[in-house]
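Chain nomenclature is as follows: A, B, C and D, assigned in order of appearance, with residue numbering initiated at 1 for each chain independently.
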Amino acid sequence: MISDTSGPRTPRTRHEIAAAIARDIPAGSFVNLGIGQPTLVADHLAPGSGIVLHTENGMLGMGPAAHGDEIDPDLTNAGKIPVTELAGAAYFHQADSFAMMRGGHLDVCVLGAFQVSQHGDLANWDTGAPGSIPGVGGAMDLAIGAKQVFVMMTLFAKDGTPKLVPSCTYPLTGLACVSRVYTDVATFEVGDRGARLVEVFGTTRDELTTRLGLDLG
Amino acid sequence: MISDTSGPRTPRTRHEIAAAIARDIPAGSFVNLGIGQPTLVADHLAPGSGIVLHTENGMLGMGPAAHGDEIDPDLTNAGKIPVTELAGAAYFHQADSFAMMRGGHLDVCVLGAFQVSQHGDLANWDTGAPGSIPGVGGAMDLAIGAKQVFVMMTLFAKDGTPKLVPSCTYPLTGLACVSRVYTDVATFEVGDRGARLVEVFGTTRDELTTRLGLDLG
Amino acid sequence: MKVCDSAAEAVADVEDGATVLVGGFGMAGMPVALIDALIQQGATDLTVVSNNAGNGDTGLAALLARGRVRKVVCSFPRQADSWVFDGLFREGRIELELVPQGNLAERMRAAGAGIGAFFCPTGVGTPLAEGKETRVIDGRTYVLEMPIRGDVALIGAHRADRAGNLVYRKTARNFGPVMATAATTVVAQVSEVLDVGGLDPESIVTPSIYVDRVVVA
Amino acid sequence: MKVCDSAAEAVADVEDGATVLVGGFGMAGMPVALIDALIQQGATDLTVVSNNAGNGDTGLAALLARGRVRKVVCSFPRQADSWVFDGLFREGRIELELVPQGNLAERMRAAGAGIGAFFCPTGVGTPLAEGKETRVIDGRTYVLEMPIRGDVALIGAHRADRAGNLVYRKTARNFGPVMATAATTVVAQVSEVLDVGGLDPESIVTPSIYVDRVVVA
């Protein structure tokens, strides 16, 4: 376990976070990258790593985004963005795709989050704001399905409130499902024994402990 | 409803029973023919009837038994007899095959029986004899799956005991699942309101009422 | 199975109050011609089960805009271009049952497979499981989920044969094969209808037993 | 996924006491080379889940004859050539859990799909449902059935690619695709291994995520 907390002096960019996640995904893994920022992880997977991407709308072996003549309206990712097919790909229907996910066959899934609790509870589908129209998609299935769930997010919301929290206040997506949280200013492990700080970027353990109000292990 | 009970003077052969069943299967039906005698029904389906045969080991569009060079060990019916494939056939795995059956998508299934009760209970998998080794296969799934279950059997066992009974004494395959019983000496409807005699062959309503000990509607 | 001359003919008998399963994930696999025909046909007070709740002003969104839909059962209504649904929902003119995408697929699969209900790991501890029965099995908590059945399914497929066998194209496969098992009447919009025998029996995704009507559109 | 040089290598780590799912319906789809290798390998005290309980004196029957199997979970042990099982069973030297064929398939599918248990229409009111929980849902009675998981699945398929995608041949498909989802380690015996990209992504039946080892035999 890395526990060096005297890291670089500046926060990570989104691409740096994505690259860090990519490095932590074992070669040969089957991986689902959630809609939004987690899709950036694909750009940082090492060539030859043999990592196979699942998209829950019904495909294993998803390739990069499609451009120009490659665009095929029948071939999209879960974010409805046109993508490409790699050699060795396979298509399947929704019940089979979610059986694959919910049956625990995916090694890793990477999701965005509104909040993650120190014990790994995830809130990423609804802010509960009055008048908001909730949409859950496959988020709850992904949260409980993959062997490991990594979250990729900024550690603080725009108004400065922490998104790694003692206990989620937003509506939950899943209980005790997240194992790692990768943010701009730090990486954490979360779980039964609470949050543990793994690395910091442009901040310190003391500053984070104070701002988060959490024991960071 | 046919209720003529002054029928032919002789019992039906197995082929005559099979032909009678074939006549009662509507054109275009999807049908499963159980192992053993029910497979004879296939020989009597009218050409052009558009009836499609399902075999629970994973196929729709099963053709006649294979002979000579047609024999392919990868293509058998549920009785493990080599069969052929018709144009328009489709293969699927066991969970999909039984989902098709149990989901109520088959129009008719034809099964053999040890006993059928007047209310349509079926016993066709185990005589319960001491030392017997039970085997159920797909019998219980077929019994509850098809929209209509027809039974094809002799009306009396070799020792003369009736096989259409007030209530089954052999271990059950399914409850209230049979709608018609085709035998050598008579055809019956069975169900909520008990057994109703449809046709006799080489016997009479009175004789059957006496031998079966049933009100025959 | 009937090859219809027009989408209008294919949806002519959809009744007011019907539950209509509508295939597609975004626009991939969306049976646009069938939905347009349903708009013309005029059925109202519908319950629509679909992954999304309409995009832009056409297709499902147009059906909603005409006030024909009483209730939407879906996983992800809120999209960048879901203004029709958003408006109706905010005005309280449409009911929403939000269902995790995997549950949507599995609940329809259960309906098609004769499963009465199932214990599911998705959504445990979240607002979408509130009021539902839960059970701990082998140390894990599950929520009891019920089947979703349709009166009609409108799906998009790639090719059919004249028997009604279907194949799909890439991720446009999505909900089609599942919905085809879960509705009383199944209508498929395809790009081409081949003679019987024109599809590889090993590659058929939806066997003919599930399909009532196809139309080229 | 590993392409093994021999069946011996492919089954080298099967442990005493393991639950082994064995594909095939009769001889169609039976992974004979893998079973022979398992006999050589020597693992004992096994629970075997398979549709039948061995035919003749080879394959599964040979494994049983050597006393390696403590318990058989199957739908149809009793066949014309099942003398090995019959003898062991009559002598009380082997345990039998008799499961309707559709339940066998669906219970393994549940294991693979993350379903904790399901209410099933098959077997209601029969000896095979005795002692099991039942529930009336929408007026129909169902039996609660539990998942069947394997430590290892040994299956026969037609072709693999080097990623582990599988296709099957005709009714030899049977239990293979279901068992591949339900075991921790999945080993497939195939007739040929193609390069990645050699199988049509629309026609792959078992996606690579489910397959750990393939061997040509």
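Heads up, the rule we're going with is that a residue touches a chain if its C-beta (ideal position, glycine included) is under 8 Å from a C-beta of that chain, and two chains touch if they have at least 3 such contacts.
Nothing here was measured: the structure is a model prediction, and the numbers come from that model.
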Which of B-C and B-D has more C-beta contact pairs: B-D
Rounded Å distance between chain C and chain D, as computed from the means of their C-alpha atoms: 33
Rounded Å distance between chain B and chain D, as computed from the means of their C-alpha atoms: 29
Euclidean distance of C-alpha centroids - chain A vs chain D, Å: 35
Set of chain A residues in contact with two or more other chains: 85, 91-92, 98-99, 101-102, 144-145
Sites on chain C at which at least two other chains make contact: 106, 109, 113-115, 120-121, 168-170, 201-202
Every chain pair in contact, whichever chains are involved: A-C, A-D, B-C, B-D, C-D
Touching residues (chain side chain D, partner chain C) in the complex: 106, 110, 113-121, 135, 137-138, 140, 142, 146, 167-170, 200-203
Sites on chain C touched by chain B in the complex: 1, 109, 111-115, 161-163, 165, 181, 196-197, 201-202, 204, 207-210
Chain D to chain B touching residues, read off their complex: 25-29, 51, 75-79, 85-86, 89-90, 96, 98-106, 108-109, 120-128, 168-178, 205
Partner chain D, residues of chain A touching it in the complex: 28, 30, 52, 54, 60-61, 85, 87-92, 98-106, 144-145
Chain A to chain C touching residues, read off their complex: 55-59, 72-76, 80, 85, 91-95, 97-99, 101-102, 121, 126, 131, 133-141, 144-145, 171-175
